[in-house]
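Each structure below appears as structure tokens.
Each of the next two complexes has subunit A plus one other chain: subunit B in the first, subunit C in the second.
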Partner chain A sequence: MANIAVQRIKREFKEVVRSEEVAKCAIKVELVNDNYTELKGEISGPPDTPYEGGNFVLEIKVPETYPFNPPKVKFMTKIWHPNISSVTGAICLDILKDQWAAAMTLRTVLLSLQALLSAAEPDDPQDAVVARQFKENPDIFWLTAKHWSHAYAGAPKSYPEFDAKIKRLVDIGVDEHRARVALSSYNWDLEKATESIFS
Partner chain B sequence: MTSMIASRRRRRQRASVIQHTNRVQHRLETVDLCSSSHDLPSCIDLTCEGDEEEIVDLTAVNDSSIVCLGSVPTYLQNETQVRERNLRALRRHRSRSPVNTRQLTRRPNYSDPLPDYNNDIQHPSYDLGVTNDISGGAEEDESPPRRKITCPVCFDSDTAIQSSYRQLVSTICGHVFCNSCIYEAIRSNHSCPKCRKKLTLRQYHPIFL
Partner chain C sequence: MACYYDEHNCKPLAYGEQPDELLHLARLLLDTGVGIELQIEFERLFPGERGKPPASKAAISKLKTVKSFSEGEKCPICLKEYEEGEVVKQLPCCHKFHFSCVLPWLGKTNTCPVCRHELDTDDQDYEEYKRQKLQLGNYSQVDNTPDFHREDLGLNSGHCHSRKWSFSGLP
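Right, the complex of A and B next:
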């Protein structure tokens, strides 16, 4: 890897470790391998969002041309959010694409992602199903996102009715995650979700 | 007598021309304005001669513009100073007509302080790459506490930049980088790494601190 990229990451590492956000446990960065090409990020769900109380793990891949090109970031923790794919964890965020600037750092990227969790952009979606729910059924979206945060990110338990519905599907032999995706996509309509799974 | 009236009229015309150029070219050509103030003595002469209300009126208007002319090139003066001077000049010529007051109230227009070039580039409140939380290799050895200047792209401190034969440069948007980083950044993104202002390779220059 290019010298400047390694040097930058090393220094950014120090920056993140020293930052006050780490002290508040809002963001975290860890090394995955020794040559600084891959990192593991972690952000906590911002308060007053359905992600509150959850910890979301991110995969950060640093390209050879860093910092002149953005790092490749995606969610490893499954999340229900209009701008993040519920399947792959791919993120739709301008600063990770054409709006990247070389003076941005891992710290600012993680903070931007945290901001994205508090302010979704449903008009520029990554996950069309989630975005539609966000716009048409905001209450169900909120509960669903909260449910996912509990299931995958360790946030506190929320709505027992959803768990009961998932259990119904699991009991007939459906994989739990698949049941959750189907129910979430069909606004927790058990019949429609079952139909979509077995069709 | 007729010749006197004629000369008065001529003077009056000239005065109005000066006043006109003053209004129009005021902001554009400072040098021009300064040179036109050579006419100042003749104008004042006119004031002294004239007893008629009409002429005093004209001169006072004219004179107050001249005061303004004198004040223009010295942008360093603050607004209140300029205003005080205008008022003093006005009192000197005992002009009480409403025209003068109107002229005076229009004055702040001319004597505006001109830090405008700071405002027309609208950049967000990023810092200028001057950070004190990232150590850039070299240790701080100066006794007075000085903010360390680092290139916000490679995070090298100014001393590290100089010792590796690089240079601190500033973009036209006022952000400071090392020359190799800004070159690379403009080549790959065509914009400022700090504020994303569109930049070409000719829109930065070295700075010497």
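Right, the complex of A and C next:
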């Protein structure tokens, strides 16, 4: 990897480790390999959001041309959010694309992602199903996102009715994650979700 | 009074020259703001497809060379502290960088890596787009031009020093 990219990541690494957000356990970065091309990020779910109490792991790949091009970031922890794919974890955020600027750092990227969890942009969605639910059924969206945070990110338990519905499908041999996706996508309508799985 | 030709962004026909009707039609459409709307729609459909063009060679060669003077000051691109009295490049928005750090960035895009202040480009289409966007903005917005834009327009004396952000649109 180009020297400037490695040197920068090394300096940034120190910056993040020393930052007050790390002290408050809001963000975290770890090295995945020795040549600084791959890192593991972590952000905590912001307060007053359905992600509160959850811990979200991110895969960060640093391109050779960093910091002139943005790092490639995606969610490794499954999450229910209009701007993040519930299937692949891909993120729709302008600063990770054409709005990247060379003075941005790993710290500002992680803080921007945390801000994205607080303020979704449903009109510029990555996951169309989630975005539609966010706009049309905000209450169900909130409960669903909270349910996913509990299931995958270690947030506190939420709504027992959802667990009961998932169990109904699991009991008839459906994989738990598949059941969760189908129920979430059909606003927890057990009949429609079952139909979508078996059609 | 503005000259007719200036106002319509065209030149008088030379003796014997025929008007280019298609060009006039294209200009007419652009002047009515169709161009900017198409551009905005294009950006919405294909985000990131069209980044901002590189800064012009003239804009890069016009960058001020200054000495770094505050202790602990870092180049925002490589994050290395400047050495005492090191000579660095300063953008019109007053942000400073190592020349070797900011040059590859400006070769890719015309914005300041810190505040996105735009330098001029060699891309005529983009300059036209910028002009129209500004015009469109002027109809709907109050003047909230940051000070450094005013400096460009010759409205301020243009000293950077360690002045913090101040926006003229705020009370």
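Assume the second predicted complex is superposed on the first by the 199 of 199 C-alpha atoms of A that agree within 3 Å, B and C clash if a C-alpha of one lies under 4 Å from a C-alpha of the other, contacts with A are read in each partner's own complex, and residues count from 1 in each chain.
In the analysis below, contacts are C-beta pairs under 8 Å (C-beta built on N, C-alpha and C of every residue); 3 or more make two chains touch, one makes a residue touch a chain.
Predicted model, so just to flag it, every value in this text is computed and none were measured.
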- Message: Taking subunit A as the common reference, can subunit B and subunit C both be placed on it without clashing, or not? Answer clash or fit.
- Response: clash
- Determine, under the contact definition given at the top, whether A:D94 touches first (subunit B), second (subunit C), both, or neither. second
- Is A:R18 contacted by the first partner subunit B, the second partner subunit C, both or neither? first
- Query: For A:A103, is the partner it touches subunit B (first), subunit C (second), both, or none of the two (neither)?
  - Reply: both
- Message: Is A:P67 touching anything from subunit B or subunit C once the two structures are fitted on A? First, second, both or neither.
- Response: both
- First (subunit B), second (subunit C), both or neither touched by A:I4: both
- Item | Interface residues of subunit A shared between complexes with subunit B and subunit C | 4, 7-8, 11-12, 15, 67-68, 101-103
- Per the touch rule above, subunit A residues touching subunit B in the complex are 4, 7-8, 11-12, 14-15, 18, 65, 67-69, 99-104
- Query: Given the complex with subunit C, which residues does subunit A contribute to the contact?
  - Reply: 4, 7-8, 11-12, 15, 67-68, 94, 97-98, 101-103, 105, 124
- For subunit B, which residues count as touching subunit A in their complex? 126, 129, 133-136, 152-155, 175, 181, 184-185, 188-189, 191-194, 196
- State the interface residues of subunit C toward subunit A in the complex, per the touch definition above. 47-52, 76-80, 101, 104-105, 108, 111-114, 116
